[in-house]
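Each structure below is given as structure tokens.
Here chain A shows up in two complexes: once beside chain B, once beside chain C.
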Partner chain A sequence: MSNLFDLLVAGLATGAIYALVAVGFTLLWQTSQTINFAQGEFVMLPAFLMLAAMHVGAPFWLAIILGILLSMILLGLAFKLLLVDPMMRHGVLPLAIATMALAIGIKEAVKQFFSAEASPFPSIVPTGDVSILGHAVSLQSIGVLVVAILAVFGLTALLNRTSLGHQMQAAAQNPTVARIIGVPVERMILLTFLINAFLVALASLLITPIYLAKFSSGEVLGQAAFIAAIVGGFNQVRGAIAGGLLIGVLDNLAAAYVSTQYRAAVPMIFLIAVILFRPQGLLGRAEERTV
Partner chain B sequence: MSGFAKPLKIALGLAVIAALIVVPMNFNRYGLFILSQWAVMSIAAMGLNLTLGYAGQVSLAQGAFVGIGAYAAAIMTTHGWPLPAAIVVAIALSFAVGWVLGYPALRVQHHYLAFVTLAFSTLAFLVFRNESWLTGGIYGISNIPRPHIFGIATNKPLPFYYVCLGSLAIVSLAVWWLIRSPWGRAFMALRENPLRAQSLGVDTRRYTLMAFAIGSALGGVAGALYAPLTQYIDPVPFNLSLSLDLLMMVIVGGAGFYFGPFLGAMIAVLLPEWLRFTEGYYLMLYAVAVMLLLIWSPTGILGILDRAMAARRTKAASALRAVAKSRLETVQ
Partner chain C sequence: MKSTILAGALLAFATATSVHAQAIKLADVAELSGGGATVGTNWKNGIDLAIEEINAKGGVLGRKLEVTHADSQSNPGVARAQVQKALDAEPYVLLGPGYSGSVKVTAPLAAEAGIAQIMGGEAAELTQAGNKFLFRTSFGQQSSMPKVAKYIHDEMKAKSVAVVWVNNDFGRGGRDVVVKELDRLGSKVVADLSTEAGQADFAADVGKIKAANPDAVFVYLNEEESARILKELKRQGVTAPLMGETTLIGQKVIELAGDAANGARGHVGLTTDAPVDLIKAFREKFSKKYNYVPDHNGLKGYLAVYMVKATTEKMGKVDPKKFADTLHGLTIKAADEPGILMDVTFSDTGDIDRQSFLVEVVEGKQVVKQVLPKVK
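Right after this comes the complex of A and B.
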């Protein structure tokens, strides 16, 4: 029983990070039909930007701010202007392929300019355990959960309670009508790219202390976020959140109860089942796009 | 224009084939390995081009079928079976699995289909890695023999390169015939407008499954050649990135163009080698090149050629029209 509790906490913590990445993924899909195959690499890169800032002597807090700002410029602004904008009108597939190439490019650039070895990364949460209901729970898991939940709540509040959020939803649901009623659609799309860049930088900050900074670490993460987004519902932010948590917990439980060899198979089989029997995702609605 | 274009095309084709036969004769071991790899990957990409380019079904699982073919060939040939028998088994196996994988395509399309096939690809990789009683697990299968063809041993790189090239030629001819047959037309109808295809009496269900099965079978052929080419296989080359690479080859070369896969495979296999003088930067440059190409022409390299030819034809047609018009005016 205690084992199950630990697994659930650990699963929720990784799941919360998956959810952050998956939310960004669905945002890009809804506003610009971008299937970003480089999303995992987008999570890997900010940790290296922060490490690079620390190498030139910045303290950790400054490195974090610089890292997030640089990610928003590179992975938000530059990604949209240089790659997505010229390719958007040519349909989903060429753009998806271009992001695959981008993933290779980012991985190789990190390997070449930084290191092919895994680097340790400082944690924003102090290490140690606290006792909850008689169980030792690592502060790291709690910190990750709290930050991820705050980020998700902040985003949902932005989307549902502010005028800016409503404009973003309008731009995603029906760009033509949104444009007619005066929503600056282009600016809203750019905003979702910046939000995505912020979310992946945050995810990078949370997950890298656990798994170390390595050029190849984006592959697994990107795939998990991918699955989370589809399982939850490709067209719903809350779907992506639920999907992320679910995949995180499922992955941890599968490792403990199914087999370590086939743990990766469980989310995949789940994914196939969801797509075949409920293609709109567990929380998604069919044939409709909403932020 | 078409008066001399056809002999010109045939001459060009013959020149390329002759070059592929003659030029590699004094290549070193590594050069021959790369060229053989190009031939093998072209076969796999051609299969995916059938599924994606002609029938319009997105698949991220072609790498898994190359893996299935490779393991079938490796297991059978190390147990003393001849390679042709292994190729037949590889084709049958990938055809059957591809047929089953086609069923989700009857229910979901586009990106959902991509994700189902992506999941399948990962599952296949897990089976290759974990079922060590069959596949040797992470240690893989080594000492895969190369075949004797008509009594000639192909252990040396050059003879085996000709085996790959010959197989590529046979597959190319088969695909050429297929896309010109009623089946090929049915595939294209499926891609362009499934609803209209169905109303015209095309059994879209059967052809969707066929598109998957035939494309996958070609992946199996490529795998069955890959195993004796490298003479050692483990699960790593057949992970998801091979499927993504093959998809990239098809799109970069030009999906739905007959020669697309040849060009795409050339770029994916040879361009990184040519860029090797840049040392650590070669894959980075390759990635940038692919992105720039897709920004310039989302329909791939042959898309550029196609547009140029269409523009020339329009020009010629409007010139003819102008002449005709002026004639009409002089008559009046």
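Right after this comes the complex of A and C.
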């Protein structure tokens, strides 16, 4: 039983990070129909930006700020202006393929400029344990969960409680009408790209101390977050959150109770089941798009 | 006209052969780029250092050593092509590669050419295929794992052991030998966990170890995964002592795992931290020449060249056909040939027997705790 508790906590902590990344997937999809297959690499890169800042002598806190800012410029602004905007005109599929190419480009560039070997990354949460219900739970797991939950709550509050959030939702749901009533749709779309960049940088900061900074570490994350977004519902932020947590827990339970070799298959099987029986995702709503 | 060309060609041939007759040609194929670049570069530098030393003292039987280096790009396919090319030049002995996978595909080529191959691979199967020309520079798993199992049983007094291994040739090879040996000694394997190469999340695996509550944990993963599982073991508060091989307590693992590596123990066949005077002297010479501290692959390359020297001097002549026969069963003593660093005996399969070391990570540093004697 204690084993189950440990697995749940570890699964939730990993799942919270999947959720952050998955939320980015749904945001980009809703506002600009972008399926970003480089999302995993977007999580890998900020850690290296922070490491680079530390190499030139910045203290860790400054490196975090610089890393997040640089991520927002590179993975938010530049990504939208240089890749999404020019490719968007050609449709969803060419854009998706372009993001796959971008993923390879980012990976190879990191390998070139840093190295193919993993690097250690400092943790923002101190190591140690606290006792919860008689179980020792690591501070790192709790820290990851708390930061991720705060980020998600912050985002939900922004979307639902502020005028800016309402404008973003309007831009996402019906750009034409939004434009007519005076919503600066283009700016709102750019804002979602910046938010996505912020979320992946945050995920990077939380996950890299555990997974280590390595050029290939985005592959697993990107795939898990993509599955999480589909399982939860690609068009709902809350769906992505639920999907992320669910995949995190499912992955850990599968590794413990099914088999380590087939752990990667279990979320996939779950994904197939969801697509077959509830194609809009667990919390998503069915939608039709004009083509 | 025709006869002039023929005479010229003959003359050129004669000159070329006479020049080459003086130097003993070695060919090295190593991982000079790609994922194994650290392995191959250390190996190559070790070779160059040894050759420089030997030539400065007059060479082998009065003849200088000469080596050509080729890059396998850490790729077995490229390694095979490079070895074929190297063999076409008819070297005295082939050195390398360092990766077991590359050795596996190149060993048949060298055997067919009848050229001895001295390599860095450690997978158990390499010397079990009946190849009469293949020689190790370090322990194969079948030599190191019994020592590991014996240590877990005798010194750690572990009655129950969790075994975590990486699901590839390297991991499976080591796991099979260690489980068999533990079983023979009477330590029960209570958890037998396979993990994937490149795996990032070890929460579930460590959860299983915790549930099995073993007296000791044997960890046999690659360096990065070792660092990740060490962190996770610490995170989940597993206190059972940890035992592994070079891959658990290597410098890279300590760098990646930080505090979590403290207390981990490992069996190490070769280490530049060994409390052996000749190895200390080697480390000093190497660091002076290349401006960095070598890892065990630097030692392996260095030893490979001295194996060539000792064997050739034993034969009393340079005879590539007799080389492998002479090296089988040969014991080289460090007192007679200081370049071999420690007494070593080669078996009929090309495996080695040599003393080895038990290393523990103490405050982020490798500390040699015990010298484990030769088996025979």
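Going forward, the second predicted complex is superposed on the first by the 287 of 291 C-alpha atoms of A that agree within 3 Å, B and C clash if a C-alpha of one lies under 4 Å from a C-alpha of the other, contacts with A are read in each partner's own complex, and residues count from 1 in each chain.
Definition applied: contacts are C-beta pairs under 8 Å (C-beta built on N, C-alpha and C of every residue); 3 or more make two chains touch, one makes a residue touch a chain.
Since the model is a prediction, treat every value here as computed from it, not as a measurement.
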Touching partner for A:93 - first (chain B), second (chain C), both, neither: first
Which superposed partner A:138 touches (first chain B, second chain C, both, neither): second
Contacts of A:261 with chain B and chain C, given as first, second, both or neither: both
Which of chain B and chain C A:212 touches, first, second, both or neither: second
First (chain B), second (chain C), both or neither touched by A:162: neither
Set of chain A residues, in rising order, touched by both chain B and chain C: 261, 264
For the chain A and chain C complex, residues of the former touching the latter: 3, 6-7, 10-11, 14, 116-120, 127, 129, 136, 138, 140-141, 210-212, 214, 216-217, 220, 251-256, 260-261, 263-264
Residue ranges of chain B touching chain A (in the complex, touch as defined): 58, 104, 107-108, 110-112, 114-116, 118-120, 122-123, 126, 129-130, 240, 244, 247-248, 251-252, 255, 280-281, 283-284, 286-288, 290-291, 294-295, 298-299
Complex interface listing, chain A residues touching chain B: 35, 37, 83, 86-87, 90-98, 100-102, 104-105, 108-109, 111-112, 223, 226-227, 230, 234, 261-262, 264-265, 268-269, 271-272, 275-276, 279
Contact footprint of chain A on chain C as seen in their complex: 35, 38, 167, 193-196, 198, 200-201, 203-205, 207-208, 210-211, 224, 227-228, 231-232, 234-237, 252, 255-259
